[in-house]
């Protein structure tokens, strides 16, 4: 599988596996290990986590599987995130979900992620959401400390606007390596608001979350024109299902978008992998865009 | 007529003639030549084309006239555009209009423009619409090749946002020379969204398409307050008709806006030329702004 | 009271007193002097004016008081603004309010402000509103002339978008020192549109006008959830009233926001001063944000 170079020393697999719903798949540790190994065999070596996934449980479930075969660690890249504090058992008494990008929280969060994942380094740490209270100097201090200690190798953001990304970048002694955004044939806004353009300008590859619109692509009534078009184009290019076409639509974009596949079913993951062999024409790409927007280009 | 310097070697006439509707005017080649010569006599030396105008026919109609007096070429500047592929006879089997800023398409499109126009160089080539699939490296390769071959002297964009313009500029070894935007007393959005500000900051003059809102200014019922105000101000400053006032409103702006007159009638073109002698006061400029917005400034 | 450093030689008090409504308070010159002295005793040394406040009267009312004790001038910083021309007796025959950032108007306006205020220098001059007709070269000429003559020491903007601020900055041989924006727990838009981010990135402190939403916070029915939350949090942190909490909410932001207190009542001013001793937790800050937006963070 194609690899995307983020720094001289770090590359991601073009397709990334997302562990958001790992808890929902109800797998035994051995089954989780099996899933990880199947991903690796398919060339998917990059795994996307966040401290909060599954109510703070998914990192631990992954770490439990990895502990069964620790030598796999060096064959994969682990992304995790920090910056959100959720209500619930993990934070008794907390009244609402909020963001926390204080140095203290970032350091604590990473230490916990390392422990849960059973690893001694994170490949890439992302700030999960733009925090209106972010002190970029404080984030920079935390990042520098994490980098120097070897706990985290590279840093990025998620869901950040160009202004927010630029503010944080301005205080860092190294470049942010990615911005993880919601990007799909359904969710076009970041293609239009300058977010994709800025990353493209800075030669920063993008990660795409919900590349299938969280499943809405398969069932929502108002998406039926788009679904029909994906099916039509899929037949033309030899795709087996519409998710392949949706991934291929993202892969065609020259900004180097890395879709995150968030499924525990190997056949869905294989669809994503097959999509990397598909080639949409420009005309087909714009047909899908038109079906999503409901209008021609100007 | 005032000239606007775009580079050391290239200037445009403040008023530009637009050939969008050349096909609709049903002129003989001699009549077309006559129109061109009348423009030149009025000081309008810059002509705005696009490959697609008139369903890929307008460049050829212009070239046919120019062939009757080829020595005029050196007295004019020719702008044309690339990047849109229209359905129709020119592209049999094409299912929808879409954008194509591939190197291959840009080079082919320019070669055809040169042939149709009957010239061996384009003064300024614009990317017609922001292409969400644009690979700026590929556009840069095409531009550099066109510049080195002498086929195109300078390059610009049209309808590009600041982020899109900045993305393309970042890959070019020379400066883009203009952004052609829809700007008029009716269409204010680019004065407010940063597009005009960015060009102004970069000292890049702007071209204004539809400076009379495609004629809506003269007839749309909801524009009657604006029309009345243009008439009132026109009387105050000695204008003969409201189009002069609309042009003068654009000319007053310090970002150096060059209105494109898209008429085949010499009297409308003369109105545009007369507007360059008019001087609106700040108060009058804001009266027109207020009539368009329907509200006072804050 | 904490001071915010704007340049090597200039700092503002964290709380600024605003004279917008000075005319409405119907104070005698001695009472006005008393108000000024009470502010100074509280550590509020920075006073925010504009040429147009009170229909061009407030600067004069302040100057009249200052004339009773001219030695106070050196203990305070005076901000004033230019760039708006209001209709009314001051401009007989003028048909509408409009903006004027011509060099001529800026110079005239400052000369009048100096005379009205009874001082020979302004600490900081702001362009009051973004003028769509602004010629940044002309503003730069005016600013340089004012700086060299000693009439104005530093310059800033008010209500400017990032693009407008960047355009003006690009022509200046010195840095703008502040952007005065509407910022409050009610008015969140500049926290989201990149305005606060840009200033934060440039390490430019912000001034907040209408930090209490012009009083709406105390009475508007649709603001009752926010008002209730401010009261609740106020009890938790020992505030005496909700305006203290609203100020503390702004003060917590790391971009260094300086709220402008626009009251003539010493008890309201004291509330603002007390707010500087309050410390909101992150959770409380986000509780207020949520009450204002009516929704959780993503």
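We just call them A, B and C in the order they show up, numbering each chain from 1.
The criterion applied here is as follows: a contact is a pair of C-beta atoms (placed from the backbone, for glycine too) under 8 Å apart; a residue touches a chain by one contact, two chains touch by 3 or more.
Nothing here was measured: the structure is a model prediction, and the numbers come from that model.
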item	value
Chain contact graph, described as a line, ring, star, complete graph or other shape	complete
Same-site or different-site touching of subunit A by its copy subunit B, using the half cut	different
Chain centre separation in whole Å, for subunit B relative to subunit A (CA means)	42
For subunit A, residues that touch 2 or more chains besides their own	162
Interfacial residue positions of subunit C with respect to subunit B in the complex	84, 94-100, 102, 129, 132-138, 159, 161-164, 166-167, 170
Subunit B residues within the subunit C interface of the complex	162, 191-192, 194, 197-198, 200-201, 252-254, 282-283, 285-287, 289-290, 296-298
